[in-house]
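Which chain is which? They are A, B, C and D, in the order written, and residues in each are numbered from 1.
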Amino acid sequence: MREEIYTELIMEHYKRPRNFGKISKPDTIYSDANPLCGDEIKVYVKFSGKKINEIKFTGHGCAISQASASMITEFVKGKNFEFVKNLSKDDVLKLLGIELSPMRLKCALLPLKAVKMAVYSHLSKDQK
Amino acid sequence: MREEIYTELIMEHYKRPRNFGKISKPDTIYSDANPLCGDEIKVYVKFSGKKINEIKFTGHGCAISQASASMITEFVKGKNFEFVKNLSKDDVLKLLGIELSPMRLKCALLPLKAVKMAVYSHLSKDQK
Amino acid sequence: MSMQKYIKDFPILKRKVNGKKLVYLDSAATSQKPFQVIKVITDFYTNHNANIHRALHTLSEEATIAYEQAREKVAAFINAESTEEIIFVRNTTEALNFASFGLRDIVKKDDKILTTTMEHHSNLIPWQQLAKMKKAKLDFVDFDKNGYLDMKMLDRKINDAKIVAVTQASNVLGTINPIKKIAEKTKQSGSIIVVDGAQSVPHMPVDVQELQIDMLAFSGHKMLGPTGIGVLYARKELLEKMQPVLFGSDMIKRVSLTYAEWNDLPYKFEYGTSHIAGAIGLGAAIDYLTQIGMNKVRQHDIELTRYALNKVGKIATIYGPKKAEDRSGLIAFNLTNIHPHDIAAVLNQDGIAIRSGHHCAMPLHEKLKISASARASFYLYNTKSEIDLLVKSLEKINKIFS
Amino acid sequence: MSMQKYIKDFPILKRKVNGKKLVYLDSAATSQKPFQVIKVITDFYTNHNANIHRALHTLSEEATIAYEQAREKVAAFINAESTEEIIFVRNTTEALNFASFGLRDIVKKDDKILTTTMEHHSNLIPWQQLAKMKKAKLDFVDFDKNGYLDMKMLDRKINDAKIVAVTQASNVLGTINPIKKIAEKTKQSGSIIVVDGAQSVPHMPVDVQELQIDMLAFSGHKMLGPTGIGVLYARKELLEKMQPVLFGSDMIKRVSLTYAEWNDLPYKFEYGTSHIAGAIGLGAAIDYLTQIGMNKVRQHDIELTRYALNKVGKIATIYGPKKAEDRSGLIAFNLTNIHPHDIAAVLNQDGIAIRSGHHCAMPLHEKLKISASARASFYLYNTKSEIDLLVKSLEKINKIFS
């Protein structure tokens, strides 16, 4: 039964998301949206060297996307580029602790996509 | 059985069409085509007053359209505008002496359409 | 309710979803199909399949006749003057594109195209694009806080409009717009009225002559018909002035390497092999609806909507008019502090299918200051007890998320 | 023959026409459908019907998965690198329109678009229109008296061409053009090659990467699939540069009243509700063809064509190459002094379905100095004994008209 996607863990993160908010003077900002449902996310990152020093997000979305953003930002804080680059769909699902239908997967993966893009865009700025 | 559309009468008109050819200095010429099959017809008419004095046609098409052109031109020669205007699908079928499927009907009716348009276009020139 | 006897015609409604009997409340997205429609499609492929307009053999004749009969059924259904005015297209979106780009020679620089802020994207983007292409102006009529079109604003803006593009029924607010009134105004100002009938034609009697509509777009799949088929109606006189947008085989009379002459109406706008089975299936859907009677279909929508406004209205914020008579058969709503996705996901656990999101009406949602909504939409096969099930489930969701 | 066992899958072939068993020789116009395809369509409407990409409920998920699986099947069938390169459209004609108008920002004044004199109108008119719109030049490669493309003329004309639009198989001459060779030349000159695959993709293995094709258009209805669905393949890099031609809902990421941002590939080119059942049906048709093997399908075509060239060639003038290996599975022909319509009409009396006319290739017919031709076309369900029946009937016609 998929009702179990609304686990205590998910609901807890949804109701009290970690890292929700803005960073003043971030090194990079990245926004993305899920056009099919209107979910939006904006990721703010501050780096120290190759490490993610601070990360926050704003936006709105369903419980899954909000909980996912909360958990992923928590997970990558203090980690380096390589770590973020290697994060996969399965890592997100492991964090969330649930199984998802393809449609719902998009909700869960939007934050990961945004975090990766934020990191990549900083990386490409660096190399210029 | 529709094979009977190739009656002796039809085949006779097809092989020896009446009024096939051009009129030099006609009062009006009208061309039409059946885009779906490539049948083409060009009708030449000479009037005396309100009467069709001379009528000929050129073009190419299947046995049905050629026989129809042959019979219709024969039928309207010497007749007046009113007579042509009132000609119907049924008149053509009566002339041909056969029944036709909707698709084949287009072949049979192309000459009638062309003759009518030739007459109308002359009429509208007259009224200007 | 008097529609009860039709439910058995829809095989999918016997399905279970997550162990529960399916409650399908997403007909505004696409309707379900009665077996009468499915059977006609199957029968076409099984017994009559052939290309149309192109061959003299029996199958081709049968297919052509069936296809053109479907066109007659559509013409009769909306009371068009002639079958020449019925263009088969893919869907409402395509119809509206053909309407807008078909008018490209008529719209000049600085001309005004007037539409509304309650449009589906499909009745917005084609006009945005046409305006951009021709450097024309795009202007909007707003809706008021009850979801009604602001007719005063419309009066102010309509006089110098060249085209007025408006939906007959909003797919979010449910609002049914006074098309006849607006059409009369366009007749006075000499503008062209293009009506998005995606949510109206399937649900109420629509008579293009009585309403004085110049162009009307709608989709087969929302009115019990198959996917991939829709209709653009336009008055013959307009169609004659309009340019085709896409080009190809059947729409041509004569071609040389450098020149092409368009075919007669309606073929001028139909390119390549048509969706023959789709048109025939739409014809069967129209037969089905006609046999029930569109007035009865409309009446049923009103009853369900009134019931839903009342019951769901007690626990949710519903957008649009308060009066069921002014609405089509749908309600878009939100529960406090619960994302519509989560509503839809939990409802699905109970076998209830609704839609959540912006329903392809982002500007409308922005105006309502929400990013998304949940929407339950009804058709002739829905019942009041299904709405009761919806309410029960919504109450449960409120509990889970409290 | 080894295809015999598949005939029973096609229910329509059991039909009688004018009291005779149907002999269907018009597959180049549209193919018949095996029950496996019909069943998938019926099953969709009966058990899974919903709109796609838009809702979270189970039916919508099932429909979306089935639709996207169909896209994967198409991608695998022509060996596209990614499903992002597969755009579902109405038919070949629409695909070629999206190709031509999609390139409108790339084609400049005086640019040359090169095509051939053996094209179907669908691969001619869109380029005529694009050339007109952009004041570009349209040039043509001729075919020789045996129906082969004049490769010397092509060599002379290809160097400064921006786009080369060519059919892989002629629907009248049957000629299979050397697409790989032509594509290699376009790679040298930096031009884009657009291939009309309407008559090739259903009948032979087509590998877009191996052939180095930039864009490929084909129709579902000619390859055992339903009507109303077709495919535009284009390399991702090209699709990214191309502009959408029609505009609407699913192809959009963000919209405001004055601005729209296109969605990711392939959705950027799919507007409004897709022909969901059509795509799924096409997927089933591809499964069917793949299971037989496209090499075997091709081999069967060659055998039947060789037989027909020999037998029909004795009493009729057949156009195009003499070698069956260089031809697709069709023959267009004429009997002396008998109009093709009359041939078709009398054949129909014997239950034999062929096509007569210009087959949407007027310029080709002009080049051949004929106004029309009769065409018999084959597919995997046809047999040599059906060709024998055709020959017997043609002999009879010669007698009637002598």
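Definition applied: a residue touches a chain if its C-beta (ideal position, glycine included) is under 8 Å from a C-beta of that chain, and two chains touch if they have at least 3 such contacts.
Note that the structure is a prediction, hence the values are computed from the model and not measured.
Peer 1: Walk from subunit C over to subunit D along touching chains and report the minimum step count.
Peer 2: The fewest touching-chain steps linking subunit C to subunit D number 1.
Peer 1: Looking at chain pairs B-C and A-C, which one is connected by more C-beta pairs in contact?
Peer 2: Result: the pair with more contacts is A-C.
Peer 1: Would you mind checking which chain's C-alpha centre is most distant from the centre of subunit B?
Peer 2: A
Peer 1: Taking each chain's centre as its mean C-alpha position, how far apart are subunit A and subunit D in Å?
Peer 2: That pair's centroid distance is 45 Å.
Peer 1: How many angstrom lie between the centres of subunit A and subunit C, each centre taken as the mean Cα position?
Peer 2: 37
Peer 1: Using Cα averages as centroids, what's the distance between subunit A and subunit B in whole Å?
Peer 2: So the centre of subunit A lies 76 Å away from the centre of subunit B.
Peer 1: Provide the list of subunit D residues touching at least two other chains, using ranges where the numbers run on.
Peer 2: 18, 54-56, 60, 252, 254, 341, 345, 348, 356-357, 362
Peer 1: Name the residues of subunit B that each touch 2 or more other chains.
Peer 2: 36, 104
Peer 1: Can you give me every chain pair that touches, using the contact definition above?
Peer 2: A-C, A-D, B-C, B-D, C-D
Peer 1: If you look only at subunit C, which of its residues touch subunit B in the complex?
Peer 2: Subunit C reaches subunit B through residues 53-56, 60-61, 64-65, 252-254, 263.
Peer 1: Looking at the complex, which residues from subunit A come into contact with subunit C?
Peer 2: Subunit A reaches subunit C through residues 1-3, 5-6, 11, 36-40, 60-66, 104, 107.
Peer 1: Considering the complex alone, what residue numbers of subunit D touch subunit C?
Peer 2: 11-12, 15, 17-18, 22, 24, 26, 29-30, 32-33, 35, 37-38, 41-42, 45-51, 54-60, 90-94, 96-97, 101, 117, 120-122, 124-126, 128-129, 138, 140, 219, 221, 226-230, 245-249, 252, 254-260, 271-278, 341, 344-345, 347-348, 352-357, 360, 362-363, 366
Peer 1: Can you check the complex and tell me which residues of subunit A touch subunit D?
Peer 2: 33, 35-36, 101-104
Peer 1: Given the complex with subunit A, which residues does subunit C contribute to the contact?
Peer 2: Interface residues on subunit C, with respect to subunit A: 18, 339-342, 345-346, 348-349, 356-358, 362, 365, 371-372, 400-401.
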